[in-house]
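First chain written, first letter: the chains are A, B, C and D, and each begins at residue 1.
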Amino acid sequence: MSERNIRVESIDRQAVEDQEVEIVERKGIGHPDSICDGIAESVAGALAREYIDRVGEVLHFNTDETQLVAGEAAPAFGGGEVVDPIYLLIVGRATKHYDGQAIPAETIALRAAREYLESEIPHLTVGEDIVVDVKLGEGSGDLQEVFGEDEVSVPMANDTSFGVGHAPLTETEQIVREAERRLNGEYAAENPEVGPDVKIMGKREGDTIDVTVAAAMVDEYIADLDDYIEAVESVREFVDGVAREHTDREVAVHVNTADDYEEGSIFLTVTGTSAEQGDDGSVGRGNRANGLITPNRSMSMEATSGKNPVNHIGKIYNLLSTEIAESVVSEVDGIRDLRVRLLSQIGRPIDQPHVADVQLVTDDGVAVSDVDADVEAIVNRELANVTEITRSVIEGELTTF
Amino acid sequence: MSERNIRVESIDRQAVEDQEVEIVERKGIGHPDSICDGIAESVAGALAREYIDRVGEVLHFNTDETQLVAGEAAPAFGGGEVVDPIYLLIVGRATKHYDGQAIPAETIALRAAREYLESEIPHLTVGEDIVVDVKLGEGSGDLQEVFGEDEVSVPMANDTSFGVGHAPLTETEQIVREAERRLNGEYAAENPEVGPDVKIMGKREGDTIDVTVAAAMVDEYIADLDDYIEAVESVREFVDGVAREHTDREVAVHVNTADDYEEGSIFLTVTGTSAEQGDDGSVGRGNRANGLITPNRSMSMEATSGKNPVNHIGKIYNLLSTEIAESVVSEVDGIRDLRVRLLSQIGRPIDQPHVADVQLVTDDGVAVSDVDADVEAIVNRELANVTEITRSVIEGELTTF
Amino acid sequence: MSERNIRVESIDRQAVEDQEVEIVERKGIGHPDSICDGIAESVAGALAREYIDRVGEVLHFNTDETQLVAGEAAPAFGGGEVVDPIYLLIVGRATKHYDGQAIPAETIALRAAREYLESEIPHLTVGEDIVVDVKLGEGSGDLQEVFGEDEVSVPMANDTSFGVGHAPLTETEQIVREAERRLNGEYAAENPEVGPDVKIMGKREGDTIDVTVAAAMVDEYIADLDDYIEAVESVREFVDGVAREHTDREVAVHVNTADDYEEGSIFLTVTGTSAEQGDDGSVGRGNRANGLITPNRSMSMEATSGKNPVNHIGKIYNLLSTEIAESVVSEVDGIRDLRVRLLSQIGRPIDQPHVADVQLVTDDGVAVSDVDADVEAIVNRELANVTEITRSVIEGELTTF
Amino acid sequence: MSERNIRVESIDRQAVEDQEVEIVERKGIGHPDSICDGIAESVAGALAREYIDRVGEVLHFNTDETQLVAGEAAPAFGGGEVVDPIYLLIVGRATKHYDGQAIPAETIALRAAREYLESEIPHLTVGEDIVVDVKLGEGSGDLQEVFGEDEVSVPMANDTSFGVGHAPLTETEQIVREAERRLNGEYAAENPEVGPDVKIMGKREGDTIDVTVAAAMVDEYIADLDDYIEAVESVREFVDGVAREHTDREVAVHVNTADDYEEGSIFLTVTGTSAEQGDDGSVGRGNRANGLITPNRSMSMEATSGKNPVNHIGKIYNLLSTEIAESVVSEVDGIRDLRVRLLSQIGRPIDQPHVADVQLVTDDGVAVSDVDADVEAIVNRELANVTEITRSVIEGELTTF
């Protein structure tokens, strides 16, 4: 155990990869909950950068509560329309007055939300298909932390909180995460009919992986039912290909299984998100900080998105523990599964957690004692660089959902 | 008296031009109340046109209740910023479901409002400096009127209502109206420092006219106090020039009289409207249908803007009576002052008012009996063309405030 | 002309009582526009009293912008229900921070609104049938006026504004005003089926007065159509009786003329106000300060309700001119019609208007010169007591709509 | 394995009770997130009961998205006040029109929220200290399930979802849950100074349990700092006593550790909840269905509160798996830790999950094979009674947070 109270030990369970049943889910970028996560985090980043620009350091804020109220839409082959607009309320606190100057926190938040929506949900016309409203209470002017242009100090933990990270991802986790990212990336670039609301569930039983995709199709690019069926099949083939890059297990991919062609019930949308029709959303209800929902693993309930990256210990520790887990696994051989848990201690610097608890499953033939010194060194190094997490979040380099 | 129950008679008062004291006011296009009037009317026009496009006739709606909640701003020489956004709520009813199809009334309303704001208050960034929200209840699907592409019928009056119009404008009225229009037109085109929130009050006592202008200056174009003072003086000179085109009376123009240079209290804005800083607004609180507030004349309390132009009898009669008054005065010589009042009768076609009451002051040497037949003929003709008012409003050719 | 610049002269028109056509309207206490007026004024009174209680004087506020968005209801004989709640937004500015203490302006406003609604629209369940929301911006802490417990000073006019009052009321005006008040008073006390949304229009042509009443019936007290018809007839008889107390002219009373029994279309409500079903409302759109809409008379566009009674010159002058008119007529004989206009002058104490303009029609045989000294003395006295208007408004003794 | 695809097997980890570090948290009834959970669930129950009353079966709805925007308060010894009201928005969908009748879903929701708040957060004055607003979209009329007065059928799973339950609770879990319940129950009854916003975190390291309590004190009952200190100490003693009823391990209880008496920073509130001052809240961000946050255990991300208990498979399976786990442990001896996971299969009746996965740690000397038949029988029985979960939720007999 180091000065930083780092423990490295064997985990008391099998590697998730070796468990009999595994479930993994990812709500894509255009899912209503993810839209809220994305806006909350965009707003937080914009506020942090503005505070640094204006007063040289990040002031108190917390914007982790965006609420989306779904609209109603009338999709139609060739292009329908949103009938009742979505309503989105940005909620939180932010410092609006500091040292004699007024800081336009709500205006900054609205701009960040608009830019995010225009970039990520491009078929949604902001101000017509969606009303973006804001209620930011006044933050505590005396709660700002020293994280600025010139000096960076390690803040004290102001809460007892907990973060958890894992590595490496299992095959199923890799498939779920990659499938969504690549559908919303390279695939959508070529196939504009696929909207950003792509939800993927992976279920592995033994050596059989079922991947279920719910992909919102954008009606403007779908001429008729045949087109739709073709688009669905094309997604299936693409995801199947992605999956096979990550596993040799048996894979079955299912797309838009709730469709009923006879009844004309298909996942057709105007804007590429189900927020247009009945699906509400809010922050912290979907993906964890590593982009996945993994019931087989310890998860933090913490809503990471939108929180202040300077002093919100839950946010920092969830992101940091994930970073640590990934660093360890990439640098140290022989680790089959690894969990990092960081528990804060109120009043101590956040680079000195109450406990940094690393639990691992080693490969056959590797003992914990073979790797623990290397692991501890990496954990120690990453903790020492904790403020780098803050910097990355402010720069928008780290995803939180 | 015609079949249309038109009365032409002498008015029992002096011409307003000859009264001892006269007060006239106009709230310019960027005044918070006028912003609401303008949006309400834009929304109404957009809905009417969409209904005609989609179902061939105008369906029931009424959108005469936009509410604006002022923001907070920090103007500064050279360019400040809006600190707390303005909130604007579009309120009313509109038919959203008709004959099996959904009509996106709220989306249409939001688009119309945005386009209006971007056109008329260009320094206000919609979605950042102002949040536009909407609450339109469902209109009565069975209340639509036949005003469509193919056939136009004269609707029945569904209320006892009243409209009033006047002509010609007095010198003071002309000065007030023209000064605002030209400040917001040719002058602002050359002098971008003048924002659209220009409020003008004219007061005439005998042959002395005082014109008081409150003109919001846009900080981006004002480098310092000297610049501001120069801009104020330039407005004064311009308005003085406009006034002298309309009168030979003595004129004094005062601009931004509430300024206090010593205290640094001046009418400097970021966006060109006082809605950015503490001035709320709503529909029907400012100018009457002829663009003026004229306590010396009969006025209708009716909020004309935003009402349905097909069947809202108060709106139609206020616009029509103004049209009639102007037509009479332009076609018939010898009239010094004229008031037209139209009173509806429930259940009768709106081209047959309960009474069309024309009261006039003739020039010296002209008797009412010299002109009454001509006047009546014009009134009769205009009433027969009542649906032309509806058409003009739908096309956006008539102003309502 | 006195030091106070009081003019007394003959009006250049007939007494309204002698004009050929006269139109008068009153929107009853439960009309959606009146609900907004009533809440705005209640909120203003509550704020003013709280400021005096807390800091000893009235601070800056202005709450003249309440907006009501109608709900939907399903009335039914014997008792129906509100199906979609009404939404009401209290809008304005109020001082929330003063001299180191926080003043809960929004909480005060919400309480005042709730108490008003519970008192005046008792069948409306606040928090279920109606959502009351509030957006009060921060008032200017430096704008308070000295109107407190200990000292009262006459404030300076901070705007060029205008108030107008009339007396005596014509017969038609008296009928309209009294009919609404007594329907909502003694009659409703005995006949709970009559809701507070009673709208009355009086039209006089020569010596024939038509009184048209639209009275919302409360479904809980109406068992069936026969009951309804009986209730309508009973209202008609009552109003007929009221009318005959005020005139010897021919009177015809019509109640709920838009009803169509065949189609089952009647004015039946759950809550006694049409705000429950499609009728939006806002401040300043209905009755003028004397409780009436009188197109035959000069009217101010000023929304009196909700304005600050200490320093809002438009509010004060509208109320004061009405008081003056009534005082003159009650104290001086021989006046058939009288109009008082008060015009403020920026920067002068409000008891010294730019002009106090009294115009009158005398009875036959009475000359203006017979009464002008008495009139001027009364005007002078009332102006000297201008702060009494403020006090009365704060105490809730004066109605504003 | 039964027809119901029930698996009973050994879990691949230690019992949580035997793990080295354990963390447990409970957000008390008055925590902002719990307020949202509680309102969402109250609204859901009220809607379900009303649907049964009105149409004989539960119609489609989902109200799992309440959002709370914190207010501002000025607590003071002896009694302060809320300065800026809390804003709470009830969000979701509900069937408003069914078979020709209108169902007042929003009115029902508002009433349920108000009653809940008045019951659970009694010092919060609804309509003054908190504005409750609602936005419920129209539910799909064709999505109702047959769960009515007369017949109950087992619905089909309409989603792939997952529920997880655990039993028995560890000592730390029991302490955390009981401490909150009893503080908000018997203790608050005697000690009204303790508000409902009590947050408890338990941390066990080996045989040492730290219990950290954050308890909002109600200022009305706290005369001064000494009183406050006494109240804090009294809570500490009470929780210490509760803890000792559940464990023989070493226990340390800490209350309101963030207080700083020197700086006058204490957890004093007007209303007993931190929602009054800066703490926002929303549904599904706090306790899981068993009332706890347990990072040592598998948790579902599902927001259970507010979901439709007839057909929302995630809600039903989370509640049911918890019920199963508790039943098994109470009926079968020799089980030290047990986890039940239920995974749905789209299109199959919900009493036939894709897999019902029971994993357990047995006591020393007990083999899985000794108990598996008994366990399976209980799981089978509980699955067969799955609609009893729905009934209990509708009746408000089951808590969801």
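In the analysis below, a residue touches a chain if its C-beta (ideal position, glycine included) is under 8 Å from a C-beta of that chain, and two chains touch if they have at least 3 such contacts.
The shown structure was predicted, so the numbers you read here are calculated from the model rather than taken from an experiment.
Taking contact as defined at the start, I'd like the list of chains shared as neighbours by chain C and chain D.
Where chain C and chain D might share a partner, there is none at all.
Considering only chains that satisfy the touch condition with chain A, which of them also satisfy it with chain D?
Chains in contact with chain A as well as chain D: not a single one.
Report the inter-chain centroid distance for chain A and chain C in whole angstrom, where each centroid is the mean of the CA atoms.
Once rounded, the distance between the two centres reads 56 Å.
Could you state the distance in Å from the CA-based centre of chain A to that of chain B?
51
Taking each chain's centre as the mean position of its Cα atoms, how many Å separate chain B from chain C?
Using C-alpha averages as centres, the distance is 25 Å.
Mark out which residues of chain B touch at least two other chains, giving numbers and ranges.
Those would be 72, 84, 87.
Provide the residue numbers of chain C that touch chain B in the complex, in ascending order.
11-14, 19, 21, 23, 62, 64-65, 67, 69-72, 84, 87, 89, 91-93, 135, 137-140, 158, 160, 162, 164, 201, 203, 205, 212, 257-258, 278, 280-286, 288, 293, 295-296, 298-301, 303, 341, 343, 346, 355, 357
In their shared complex, at which residues does chain A touch chain B?
72, 74, 81-85, 87, 96, 102-104, 106-107, 110-111, 114, 126-129, 131-134
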